[in-house]
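In the two complexes below, subunit A is the common chain; its partner is subunit B in one and subunit C in the other.
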Partner chain A sequence: MGREIGAGRTSPSMVRRSASLLRRWGAGGGKSSLHSHLRWAGFFFVLPALIHLVIFKFYPMLQAFRLSFFRYDLMSPPVFTGLENYKLLWENPLFHQSFWVSVKYMFGVSIPEWFFALGLALLLNRRMPGRAVIRLAYFFPIAMSQIVVAMVWKFMYHPFGLVNTILETFGIGRINWLSMEESALPALIAIGIWRGIPLFGVIYLAGLQAIPKEYHEAAIIDGAGVFQRFFYVTIPLLLPTIMFVMVLSLLSAVKVFLNPLVMTEGGPNGTTRVLPYFIYETGFAFFRMGEAAAASMVLFVFLFGLTLIQLRLLRRGGVE
Partner chain B sequence: MGEVLLEDLTKDFGEVIAVKEVNLTIHDGEFVVLLGPSGCGKTTTLRMIAGLEEITSGRILLDERVLNDVHPRDRDIAMVFQNYALYPHMSVYKNMAFGLKMRKVAKDEIDRKVKSAAGILGIETLLGRYPGKLSGGQRQRVTLGRAIVRDPRVFLFDEPLSNLDAKLRVQTRVELLKLHQHLAATSIYVTHDQVEAMTMGDRIVVMHEGVIQQVGPPMEVYQNPANQFVAGFIGSPAMNFLSATVRFEAGRTFLEGAGFRIPLPTERAGGLAGREGDEIVFGIRPEDMRLGAEGEIEGAVEIIEPVGSDIFLDLSVGGASLTARVESSVRMSQGERVRLHADPARVHAFDPETGVTLV
Partner chain C sequence: MSRKTMLRLGGALISVLTVGGVVVMLLPYFWMVSSSIKTGIEVFDLPIKWIPDEIQWVNYPNALTKGAFGVYFFNSFVVAFAVMAGNLVFCTLAGYGLAKFRFPHRELCFRLILSTLMLPLEIVLVPTFLVVRELGLVNTYGGLIAPLAVDAFGVFLMRQSIRDIPDSLIEAARMDGCSEFGIFWRIILPNCKPALGALALLAFRDNWDQFLWPFIVATTDDLKTFPLGLAQMEGIDSAAYHEIMALAVLGMIPAAFIFLFFQRAFVRGITLTGLKE
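Take a look at the complex of A and B:
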C-alpha cells in the first residue's frame, strides 16, 4: 500500500515535468518545434550510414551508369558512344551465355535451399537433446570465410580429393568435377546450396518460433493431424518468412562471384561464367570498362525487378 | 452428458510438481471455476483435461471413459484460449468451420452449424472478416463460436476475459453465463480473478501450489474458507489477519491482541478448545466490522479511501494494519482514534502453522 501512495505522489509531478518540458520546446520554435527537434535528431543518427551509402554505393552506381555510355580502356580518356555498349552486349554470345548460366545457378541453388532450409528448420524446431549444439554445427558454414570455403571445396573436388575418394568407395569412378562442362556448374551449385541452407534455415527457424504455440494447440483440439497442421497453420503463418527467404536466396545466388573466380575461372568453356564474373572479366581482363558497366546495369535492372517482385509478394504474403 | 472426473491427477515438470493429486468431480452441465494465483496449477489441470499436457499420474474420465491416452481431437472437448488463438489467415467463417472441416463434416452441415452458432453469438455480419480486423470483444465471440459449432460435451476456458478491458469484461462475463445457460454444457473455467470466479461459478475450486484448497459454491467459500490461504485470496479488499492469543475467561472465549479483544460466541469457539494461551491468527473481513463507541477493536486512522459507495479506512491497530469498510456518510480525519465492533458470527481464526481454519 505504501508503494501505491508513493506512486500517487510522484506520478503527477512527473506529468508536470513532462508538460513543462513540452511547453518549453513549444515556446522555442513554434507549434511543431518538438517534432522538428526529433526529426533532426533522427536525421543525425542516420547521417553516418547515409554518408557511407552515398560515397560507397550510390556514387559508384551512378558512375557505372554514366560509364556504360562511354568507351573506356583505363589508358585513354573515356569517349561517349551512346548506347553502343548495350548494343555490343546484345550481340555478344558470351553475355547471353553468362546470363543463362546465372539464371541456372540462381534457380539451381535457390530452389533446393528453400526446401532443405525449411526441413532443417522444422527439425531444429523440435525439442531434442543437444539441440543447441546441432544448431551451432549447422550454422558453422556461414561463419567460415567465403574464400576459405572456395579453397577447401576446390581441394575436395580435386580428382584425388575427398569427394572422389568417397564416391570411389561406392564404386563410382573419379570425376574431374571442376574441369568438365557437365559437372562444373552443378559442383558450384552444390556448394551454394551447402552454404545457403544454414543461413536460410536460421531465418525459417526464427519464423517458426514466432508462431504462437496456441495456434497449433487450437488446431490439435480442432482435430488437425501433423500434416494438416503443417499445411493449414505452419505454412500460412510462415508465408512472409517463406517469401523473404525465396527472394533473399535468389538475390544472393545471382551475385555469386568468388567461387567461380577461385575454383573455375568461369570455365570450362564458360559454363560457370556467371554474370558478375563476366563483368569482372570484361572490365579487368579485357579492359572494356564501358561494356562491363553496361552489363552491370543489366544485372542491376534484373535484381531490381526481382526485388520489386519480392515486395509485391511480401505484401501479399502478409497475413493482415 | 458431460461428467468429468479427476482422480489423483498429478503433473510434474522434472523437479517441480505443478499439480498434486487433484480429485474432483465436475457434474454434467455444471460451471466450475478453477481459481488461484499464477503458478497454482489451474491452467496445467485444464490443459491435461484438454489433452495438451501429458499426465504424470492419475486419471481423467469423461462420462466414465478414461481420457488419459485419448487424442485431444477425440475427447469431445472444446477449448477457448486466453489469447483467442484465432487463425489470422482465415476468415471468421473459416476459423469457426475449421474444426468441423478437420472432422470431415459435410459442407452443408458445416455451413448450417457455423451460421447457427454465429446467430447465437450475434456475429453473422463478421463471418467474412479476418481476425485482425476485429475488436477484442468480437474476437472473443468468434473464439466462443469456434467452440460452440463443435457441440462438445465439455467447454474449457483458459482465462478468456483477461485480454479485455474492464467494462467489456463485465459485459462478456454476463454473456458467457447466458450462453452457458443456453447450451447447458459442462464448463471448466480457469481464472485468477476472484470476482469472475465468484460471479460465474456454480462451484469454485481454489488451488494453491498444485493442491486443491477448497471446493464449494462461491458464497460458501467466501464465508467459510477452509484455510487462511483461501480466506486471504478471496475477497477484495482482502481479509485482515492479526496475531492474537486465545483466552478463556468466565466460560467465555476471547481472541486477544494488541488493540483488540474479541469475544467469541460459545457455539463458534469449539475449534479453540484446549488452546488457552496459544497464538493464533485472527481474521476479519473489512465489511464485517462497524464503527461503535463500544467496539472491541481500537485503532488510529492512517488512510481514508473513499470509493463512492463506501469508504475504506486503513487503521493502525497495535502497530498492525487493518482495513475496514464503513458507510460513505462517515466523516473521519487522519490520525483520529476509532473503535470498531467485529461481527462475532464473521470472526475467523486460523492455525498460524498450518493455516487451517479453527473458527
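Take a look at the complex of A and C:
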C-alpha cells in the first residue's frame, strides 16, 4: 500500500540545503536532495495546527492544572491554597451530584447511539429505491443548530407540546417533562440520542463503504450467510471506525452544556446539572476560578481514564 | 415459512423502519415550521393542525424586533465562516503533512493532536478564557474566533482521506518538478474535495451554533451570536412559542442552505474516500 517518502538518511549539509529549498517551496531540486527536503516539508505542513493547539489547548491545560491549586476570583491576584480546591469539591454534595448526572447522561446517550447509528448506516448502505432522498432526510438534521434543537424540544416537551400529544394518543397522560426530577434527565438524554444518530451514522457509513467489496464477495463464495458476513467480515473491518465512534460519542456527550442551560437551568434540583454546567457556574457565576479549574481536572482525569480503558478493552478484543 | 416470504417480510420491515426513522428525525422540524406560522394560541390547538387556516407570516418580523437579531446573525456568519476557513486551511495542511510525509516524531505529533480531542473547550474553559484575556481579546471577533480555528477532529478527517490518495499520483507530480505546495494545491486538494466538503459542513454547523464560547467571551450585545440572542429572547419572553419558533426557523436556514449546497460533496465524500490505485 502507501509507501512513505522521505524515510532515507540525511546528512547535515542536505538538511541545510533542504531548508533553503523549503523556503522556495522546493521549486526544482535535484533528485539527491528530494528525500531530505521532504523530510522537513511534512513537519512544516503540520506546524501551524500544532502551534494553535499549543496556545489554545496544551497551555490552557497546564494553566488549569496550576490554577486548581490557587484561589482566584478574576479580580484580586491568585492565592496559593494547595489542595484546598479539591477538598472543597470533595465536600461539596453538588459536585458529587453533578458527577453522577454527567455519568448517567454520557452513557445514557452514547450507548444507544453506538447501536442505532450502526443500524442506520447498515440500513442506508443497502440498495433501495429513493436511497439518495432517504439519506438526505437522515443527514439533514446533522446540519441543524443546537440552539434550534434546544428551542424546538423545549417546546415539544411543553405539557401541551407535541411529545405529550403523541403520548396521549397511546393513553399516556401529559407529563411536564422538564420540570420533574425523574423525567428531566431522560428527556435531555432522548434529545442527545436523537441528535447523535445521524452524525455517527454518517461516520459508520463511511467505514462500511471503505470495506472492499471483494471481502464480501469472497465470503459469499465460501458460503457465508448474512449474519456470518456481518460478524466475520463487517465488524472486524469496521473496528477502527467503531472505536472512533465510541470515543467521539462519549466525548461529545460529556460536553453537553447548552441543553441543560437553556432547557432546565441544571434543574429541577440539580438533576440535570452536568459537570460542564457545574464548571461554568462555579467559575463564571460564582467567580471561583480555582475550584472550577479543579473540577475541570477531575473531568479531564475521568475522560482520560475512560479513553484508556476503552482502548485497552478493544485491543484485548483482538483487533490484530 | 419459505425463504422467499421471509426475505419479503424482512424487506417490508426494513422499509417500515426506514420510513419511521425519517419521520422521527424530521417531525420536530415540521412542528417547528408549523408552529412558526400560527398565532400564540393556535400552537396548542388539538388536534394538531399542521397548516393553520391563516398563515401568520407576521410572526417573523415581529420576532426579529425582540432583539438586535440583524447583529446576531451577522456575528454568527462572521464567526462560522472564519472558523470554517481556519479549519479548512490548518486541518488540511496538517492532515497532508501527517498522511504523506515521514518526519521525526510524526506519530508523536499525530498523537498530540488527537489527544486534544480529550481537551474540549468545556474542560479548558476557565484557562482558555484567561489566555484570551491575556491576549486582550475578550469581547472581540478575534477572541470569538481564534480558540476555535483548529479542531483535532478536522485534522483526523483530512489525514484519513488524504492517506487514500495514491502515492503514485504524488510521486508522478514530484518527478514532473511540481513544488511541494504545488502538489498540495493541484493534487491533494482536488482529490480530497469530498472530505473538505464534509469538514466545511461540520465546521460551519458547529460554529454557526457555537454557544458556550461566545456565551463566555462576548459580553456586549454587539458581539453576541444568534444562539445567544435566541436564548436571551427566550429567557425574556418564554411563552411566545410562535415567535421563538419563527426565530428558530430563521436560525436553521443558513445551516440548511449550506448543507444542501455541500450535500453532494458530503455524501460523495463518504462513498469516494477510497480512491483505488
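The definition used in the following text is that the second predicted complex is superposed on the first by the 263 of 320 C-alpha atoms of A that agree within 3 Å, B and C clash if a C-alpha of one lies under 4 Å from a C-alpha of the other, contacts with A are read in each partner's own complex, and residues count from 1 in each chain.
Note that a residue touches a chain if its C-beta (ideal position, glycine included) is under 8 Å from a C-beta of that chain, and two chains touch if they have at least 3 such contacts.
Everything quoted here is computed from the prediction, not taken from an experiment.
K.L.:
Identify the partner contact of A:Gly223: answer first if only subunit B is touched, second if only subunit C is, both if each is, neither if none is.
P.N.:
Touch partner of A:Gly223: subunit B, not subunit C.
K.L.:
On the A-aligned overlay, A:Met75 touches which partner chain: subunit B = first, subunit C = second, or both, or neither?
P.N.:
Touch partners of A:Met75: none, neither subunit B nor subunit C.
K.L.:
By the touch definition at the top of the document, which applies to A:Val262: first (subunit B), second (subunit C), both, or neither?
P.N.:
Only subunit C is touched by A:Val262; subunit B is not.
K.L.:
More residues of subunit A are touched by which chain, subunit B or subunit C?
P.N.:
Result: the larger residue contact count on subunit A belongs to C.
K.L.:
I'd like to know which partner A:Glu214 touches here: subunit B for first, subunit C for second, both or neither.
P.N.:
Only subunit B is touched by A:Glu214; subunit C is not.
K.L.:
Thinking of the overlay built on chain A, is A:Pro236 touched by subunit B (first), by subunit C (second), by both, or by neither?
P.N.:
first
K.L.:
Can you pull the subunit A residues that subunit B and subunit C both touch?
P.N.:
5, 212
K.L.:
Sort out for me which residues of subunit A touch subunit C in the complex.
P.N.:
Touching subunit C from subunit A are residues 2-7, 22, 24-28, 34, 37-46, 48-50, 52-53, 55-61, 63-64, 67, 120, 123, 126, 128, 132, 134-156, 158, 160, 162, 165, 194, 197-198, 202, 205-206, 209-210, 212, 247-248, 251, 254-255, 257-258, 261-262, 275-276, 279-280, 283-284, 289, 292-293, 296, 299-300, 303-304, 307.
K.L.:
Touching residues of subunit B toward subunit A in the complex: what are they?
P.N.:
50-52, 72-73, 77-79, 81-83, 85, 87-89, 98-99, 102-103, 130, 132-133, 146, 303, 314, 321
K.L.:
What residues on subunit C touch subunit A, complex-wise?
P.N.:
14-15, 17-18, 21-22, 24-29, 31-32, 35, 43-44, 46, 48, 89-91, 93-94, 96-98, 100-104, 106, 109, 112-113, 116-128, 130-131, 146-147, 149-150, 152-153, 155, 163, 166-167, 170-171, 174, 177, 179-182, 184, 201-202, 205, 208-209, 211-212, 216, 226-227, 230-231, 234-235, 241, 244-245, 247-248, 251-252, 255-256, 258-259, 263, 266-267, 269-271, 273-274
K.L.:
Under the touch definition given earlier, write down the residues of subunit A that touch subunit B in their complex.
P.N.:
That would be residues 1, 5, 212, 214-215, 217-225, 228, 232-233, 236-237, 239, 319-320 of subunit A.
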